[in-house]
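Shared between the two complexes below is subunit A, which pairs with subunit B and subunit C, respectively.
Up next is the complex of A and B:
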């Protein structure tokens, strides 16, 4: 093949590619506008129907069960349900269920279209019917990551303890981002207690860590004993320490003090885990037990961030704080921690 | 002219053709790798996912470090915007790097700063002495301002900021960066979802010139009127939306932009912070992190986000742009020379075998090939060594193919983030994708070549003053530099 022929072919191929890119770009922009206008037109007819349903009127919503009407209806309803509370929310949800929209959405959660599955799942989460747990649990195994994430979020809104197990399994499988599972478990609240206590003993350290954080945030005092056990697990102890701090029970003080002292010992200087030490000191500070004061004082002489945490933990210790703690005012933790009294004093004394 | 020279010229012309074909093919492959990542990142539940991050107790706290030198036009707006970022726990550390204008005075007045004892950590050695440390009188404002002696190195100011930072993550931004309100949430997500491995996250940077910016927030995104600015928008799209996202997917990120990067503080301290001798400190620190993590046999990741999280004012004149590009090229040369043991070394995985050789051959030495290649092709054509068809083929490989890749970046932007709403903006950017390859590309190659020469000579390449148009006040960025 001659250079001229190769040139000709290359020019044609690239030009076709270039024209195709430009056309695709223009089409994408145009289509986006068309779709937005189409949605807005449909939403203008759907919204009043849903508002009437919210008012308790008997409204025929059959057109929202299928096709484009279903998509628009679900998106509008999802937004509306997020903005109502209490009886209004319950009534709207019941009406949507009685009109068959929930069943239609559960069917569409298995649709061949990822977008349709996504919208259906978000709708089911917004309606919040515990009966949708099975459909959403299945969606945690979807091949599309965004659908799995939406399913996790939706499960957190169902208010059903049976959602814990599938969420934990998805977390262990790495199928859903940790943040989505964590918040879903938090949203389930105390309902999730039993499942969470079981998960604290899960073989996967990621599950144990996330569950520990959730137990602490939910204030589940029944988790105290397993959390104390997790403090001895190097892979989860930072989360366990934070959780114990949130629970605030003084039972945790001796073990936390002992583990911090072990981390601060010269033997562990090379391998000390500052993130755990800081978490444990913060936890002790939250608990506010004076038995921890010697630990804080030992920590003052360590790395800067550990010393910062110790100085902040010492601040609420009151008038009987040790003499060494008065030196804390010159530490960045005293200053950058916005202790303005000491800041002003330091400024005046310069 | 002897036959030998003519033959050599002919062979070199073939090499130039192959070079452009390979370069643009690599970019096309990167586009194809980046496209699914970008499209996935804009899936429907994006906003709720950020809400989840906000309420998640495991979302780590971030210290935002802002080095500032003579930034009186934008520092208050930038600081206020940084304090207003949507994130559960932050602090803002502004390092006034010996400003000679009213940078510090404006901060003191606006935030009611009080001086406190300047007790700052020394984990990272720093050069410029710290003169004073200030905090906001209102304890509800997590702001620290440090005044230090200027050493003409941004890296030194960053290191002082890192030493002062108290949180486990550190976000380093420029004083004139305009951040998206959810920028920190976007950047924190990889750390939350993969806390054991992610050590650094880079945000996608976009050009804000021509847009309406009000008090540190973008009100309306528009393309600027100057071609030099429009072309840079295309460059940034290609660089961040395509190249870095693609490299991130391949595990080959070697640069996290200094305009916006989030790092694990302990990892930064572990590599000794930013190198104050380097002009490319943003690339230098990432390559150093790669080296150290490999040496420690850690399983780690450096991530580059596709989401535009940071908007920056790009040079609006060729003069300032030339200085910037010379410095970038000089900095890249320094980094590659410093870490030359990693280049082509399989011990460093894809960084050593793919990423660093790519940057050496196509980014650093690319201008040499482009300029010498252009001369060689013209000479070959004149001497009859190559046919007009062949010369046209080189043009196609270099320019038409290049326009195709740029158009691909624009298509990806239109299918994903859709930040430019007006049709005229899309038209301007399409035209810029073509114009970039006529004149600008050659000038750019010349500037980069000069930066490489400076690096080889060991010439000091100064930062110089960036002509700021000022984005803090209401209204659009003015058309002409005052």
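Up next is the complex of A and C:
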């Protein structure tokens, strides 16, 4: 074959490919439109039923247990439940359960279709029945990442302490993004306290770190002692320090100061852990105990980020302000971009 | 029977509010964006307006401010219904002229009660 023939064939193949792509795109767009219109049509018949259930009517929802009706019903109910709270929400949830829709969704959480599993899981999370923990916990081991993440989200919405253990297990297994588990645990709130305290002692440092952050964010003062212990664990101490800062209890000051001083010592100059040092200084700053001032002053002479954290912690320290200003001016680049004088209202409030 | 204008770009929320307020005996008009809502307020002269904040074309806050700056519409009670729950948002809502502020997720019963209350206070 000549070069011209080869070129011609290639051009034809490319043209056919482009046309096929355009046709496929148009077909997909048209099909999505058909599905959306079909869904909207079906939702218009389903929505009034759910609204009446929300209002306390004993409406027959049997058509929403299976098939396409189940899918549309779950999607509409999930949206509705997400927007309401109070008595209406409770009544709708109870009616969905009594009509067998929750049990049907728990069964569909094991369906062969990933889409059906996803919709069922979102629905179970929205209804928020603690009895769905087992079904959602199993879904944390699903082979589809989106389904696992949806299961974590749903467990966070159950409002049950029993959701903590499966979330922690999923975190340890690396099955679900850390952020999704963190948000779910935060959403569970103080209910998760007991499970979180247990997880602070988990063998996996990732679990201990995430749990420490959650305990701090939730303000769980019962976690103080285990968090102090974690400050001594190099793999988790940054998270533990941040959490102790959020808890704000002065008990943490001596250990945090001692650990920062150890990091700032000349012996550790080559291997110092700046991320921990900054987290600990920020934590001390949040606690606001004047016992930490010498630590801030020692830290002013270190790397720029550590010195900045120390200078911020010194900000409300009042009479020490002048030392902060001097230290800032000695940094590379001087005090440019940092205000060297705190407000006139700084006092000896701490 | 009072006429309530509901302006929200979420179809499910509009259906829910319409159901609840109609059940309480109100005539409900629904619009799904700010400009449509403002136009409906001018043409329908509702007794109260229930406004979402984050909407296409014109935000609820802009609609509220527009209602307050129109002498013929300024007296219509306005209730903001929004997911924006920060203190600063609530302050902005009232500063724009809202008579009440409800945060999503909301209690439909509470919403109905609040709408009745603002209507009663406005003598409508």
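The criterion applied here is as follows: the second predicted complex is superposed on the first by the 294 of 350 C-alpha atoms of A that agree within 3 Å, B and C clash if a C-alpha of one lies under 4 Å from a C-alpha of the other, contacts with A are read in each partner's own complex, and residues count from 1 in each chain.
Please note the rule applied: a residue touches a chain if its C-beta (ideal position, glycine included) is under 8 Å from a C-beta of that chain, and two chains touch if they have at least 3 such contacts.
On a predicted model such as this, the values are computed, not experimentally measured, just so you know.
J.: Just to be sure I read the superposition right, which of the two partners does A:2 touch: subunit B = first, subunit C = second, or both, or neither?
T.: The first partner, subunit B, only.
J.: Output check: A:274 vs subunit B and subunit C. Expected answer is one of first, second, both, neither. What do you get?
T.: first
J.: Counting only touches as set out at the top, which of subunit B and subunit C does A:308 meet: first, second, both, neither?
T.: After superposing on A, A:308 lies in contact with subunit B but is clear of subunit C.
J.: If you stack the two complexes on chain A, which partner ends up touching A:14: first (subunit B), second (subunit C), both, or neither?
T.: The first partner, subunit B, only.
J.: Which holds for A:117: it touches subunit B only (first), subunit C only (second), both, or neither?
T.: The answer is neither, since A:117 touches no partner chain.
J.: Counting only touches as set out at the top, which of subunit B and subunit C does A:84 meet: first, second, both, neither?
T.: After superposing on A, A:84 lies in contact with subunit C but is clear of subunit B.
J.: Which partner chains sit in contact with A:54 here, subunit B, subunit C, both or neither? Use first/second/both/neither.
T.: The answer is second: A:54 touches subunit C but not subunit B.
J.: Hey, is it subunit B or subunit C that touches more of subunit A?
T.: B
J.: For subunit A, which residues lie in the overlap of the subunit B contacts and the subunit C contacts?
T.: No residue of subunit A touches both subunit B and subunit C.
J.: Mind pulling up the subunit A residues that touch subunit B in the complex?
T.: Answer in residue numbers: 2-4, 6-7, 10-11, 14-15, 17-18, 21-22, 24-26, 28-29, 32, 115, 118-119, 122, 145-146, 149-150, 153, 177-180, 182-183, 186, 210, 213-214, 216-217, 239, 242, 246, 274-275, 303-305, 308, 330-333, 335-340, 342-344, 346-347, 350.
J.: Spell out the part of subunit A that touches subunit C in their complex, as residue ranges.
T.: My answer: residues 47-48, 51, 54-55, 76, 79-80, 82-89.
J.: Tell me, which parts of subunit B touch subunit A in their complex?
T.: Counting only subunit B, the residues touching subunit A are 40, 43-45, 48-49, 52-53, 55-59, 91, 114-117, 119-121, 123, 133, 135-137, 139-142, 144, 163-164, 166, 168, 189, 192-193, 195, 266, 387, 389-390, 392-393, 396-397, 400-401, 403-404, 407-408, 410-411, 414-415, 418, 423, 426, 430.
J.: Show which residues of subunit C lie in contact with subunit A when the two form their complex.
T.: Residues 10, 12-13, 15-16, 19-20, 23, 104-110 of subunit C touch subunit A in their complex.
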